[in-house]
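Chain nomenclature is as follows: A, B and C, assigned in order of appearance, with residue numbering initiated at 1 for each chain independently.
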């Protein structure tokens, strides 16, 4: 079922997914998925459990490489250099330096707030202390967390509330000035107030970075994203401008999901 | 804000995306009108310039260097892990090498069948059996104490004792494992033996019984700890099913839990036995060092381990038969331990419950 | 079954249950009471002999003058070597097996081997050391040989403790580190090692406390029981400030000194043997207490 609708907006692409397959061992999880990821826009992936949206997301930063038995097919071409980040010859470390990730359950390191955010810079090396401190502050401001933690940068990150921890993880993802940030159901473990703070953040962040967000919550996708892709059992069923998907989807399956006939 | 959103017709049934021209790779006009359709979804004046690159050639260089050192580090760690194999090779090598020399001078038959072990005499005799009987006798005395006491302790702690009591008692039992074996030897010789002599007047000052009892106490924490772990691993649902059928704690423990935990408890037994036959100092101090072919624990005797200590305390010219005899004795001990470990492994596999 | 027999049956079973409960208490007490008795016995005999001169005197033919100076210095030096060898080797092996090793026959071989070594009687390590270190490598009857032997003895303990500690670290933390662009060794150095340090230290200390009490393998490799001198000091006042002569020196250790004294017929020697036993117990109890404290302290500091 590959009935996609392609909006030709002419917007520059940050990434282009071409015929992406993914296999867990012999089990095929993604089936020839193709979708454009527009630069400095928010693209959302929605769909019922098991549709492959998180699997697709984790292809972008080669997370699947960490576990044996996984196999990619097809390409994801990253701009501006048009490199296929799924190519085995491409170093996953480099990919992860360009594309960072915010996970579903906040997972700050058992370190200080400062060290949590600075980590991405530390592994890269080559920066002066003052520069690191400055970038950490910028990242914390970018994650709307600076005012709350500026007096306790050297206390443990684990002592923050759930919502604050997730913003800490967002700051950690921003500190290296990435080209793209992947959000894997970032608010599913948060209360509504924390959730809306994160959603506001996403709105602002997209001015600087491309955002790809997986969400179980359709309303969230409708709120924050510019483009939305609906997936179902490994296929990308429909991809379009968000408004269109939620008001006038072209595909019956999409419509059934949106209107809650199944989930 | 009106949005004129029109879309291209869907692609055909083959479902592939229409081929895209060069323009898609990023260099359209800032206002983003393509073929005259599909306006920008968000009417904001954000310049949509080219996508950017966030890593520098310096970053790339540093990462490459890091990967080279990674390979070296990985190799070093691998060598460390493999080193443990060399230890085993060393043990087998030394024991084997010296034993081979030993058996050039002493017949295997005499070694295995003679009941007299007197390597230091002018007319030496090399029968390992007295040492083996000594080892076994001490071990079975120890196990006769440790297995029932250890298992019952485990049952009590896991099924009967209130939580607070368990938290207090367990560290105490673990403390037993912290006591050095020479201290146990001291205890066996200077406290247990005199005490037993009050009850059994004919008991000699050096005897296997005291040594065995003390070794048994030494092993209790191993048996009880492992058995208890095995029992705690049995899921609550099995217990609940038993209680729901009207069983008492005792019945549940012995009819349901113990059988389910059998493989773990069997390992505990095997471990206890291995420790008992490998124990050295308690026997060396309290059982006397006279090889004695007997199964009667009320007599003094020597074990394989005590013999090795005895010889080591004296003068040992390298290459002499007496020197080599300790390796032959050690080899026998290793083979016995190995046998029991294998037996334990088979037992565990046969009786392993999956729930 | 009618009412009365049912009630009798239940009463019988409950009685049995109660009896067993008390049997269980008794069994548990066996270990504890024995331990208490041992400690009391040691204290009664040995407490009186513990004095400053006991710690600062060499062994002697005369029990009144004998002390444990050479033994506890020897124990300290041997433990130093043991720790310096066992910790890097053990932690490195544990890290490799948990983070790098793939599931192939080499890994299985290494794991079976370690499990096996954990069960080898300690005196066999002494035999191996005798043939290999003392004679083949010509390390002789020295502190170095003793330290190496004991380090091999506790190596499985350190490896297993390291692996257990590393296993408690959740995958989500590793993924977060990788997602930030870390290489494997960076992830291990920055995250795995610091977070598992508590568990590793605990295991190391417990291993060392076992090693302190070991005498059998050391007797085999020629630890002497009558040493009336101290090995040369590792740190000297003149250049080059650190020397390694002490590694090749003969030595004695506390448990062997105890063994020697308890084997003598004179009762006075038994008393100082008890005193030595108290010192030894004090050391092992202290180390076990330290291990528990470290485990507690780290559990509070490192949360995830």
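We take it that a contact is a pair of C-beta atoms (placed from the backbone, for glycine too) under 8 Å apart; a residue touches a chain by one contact, two chains touch by 3 or more.
As the structure is a prediction and not an experimental result, all values here were calculated from the model.
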*If you tally C-beta pairs in contact for every chain pair, which pair wins? Let me know.*
B-C
*Taking each chain's centre as the average of its Cα atoms, which is closest to the average over all protein Cα atoms shown?*
B
*Computed distance of Cα centres, chain C from chain B, in Å*: 15
*Using mean C-alpha positions as chain centres, tell me how far chain A is from chain B in Å, no decimals.*
44
*If you average the Cα atoms of chain A and of chain C to get two centres, how far apart are those centres in Å?*
49
*Send over the residues of chain B in touch with two or more other chains.*
63, 67
*Please list all residues of chain C that touch 2 or more other chains.*
183, 186
*Could you list the positions in chain A whose residues touch two or more of the other chains?*
93, 97, 124, 176
*Touching residues (chain side chain A, partner chain B) in the complex*: 1-14, 16, 34, 36, 39-40, 79-82, 91, 93-94, 97-98, 124-126, 176-179, 207, 210, 226-227, 240-244, 250
_With touch defined as at the start, can you tell me which chain C residues reach chain A in the complex?_
102, 170, 172-183, 186, 190-191, 195, 301-304
*Can you list the chain B residues touching chain A in their complex?*
3, 5, 7-8, 10-11, 14-18, 23-29, 32-35, 37-42, 46, 48-55, 58-60, 62-63, 67
*Flag every residue of chain A that touches chain C in the complex, lowest number first.*
61, 63, 66, 68, 93, 96-97, 100-101, 103, 105, 107-110, 119-120, 122-124, 156, 158, 169, 172-173, 176
_Can you tell me which positions in chain C touch chain B when the two form their complex?_
13-14, 16-17, 20-21, 23-25, 27-28, 30-32, 34-35, 37-38, 41-42, 45, 88-89, 92-93, 95-97, 100-101, 106, 109-110, 113-114, 116-117, 119-128, 130-132, 135, 152, 155-156, 159, 183-186, 209, 212-216, 219-222, 255-256, 258-259, 262-263, 270, 273-274, 277, 280-281, 284-285, 288
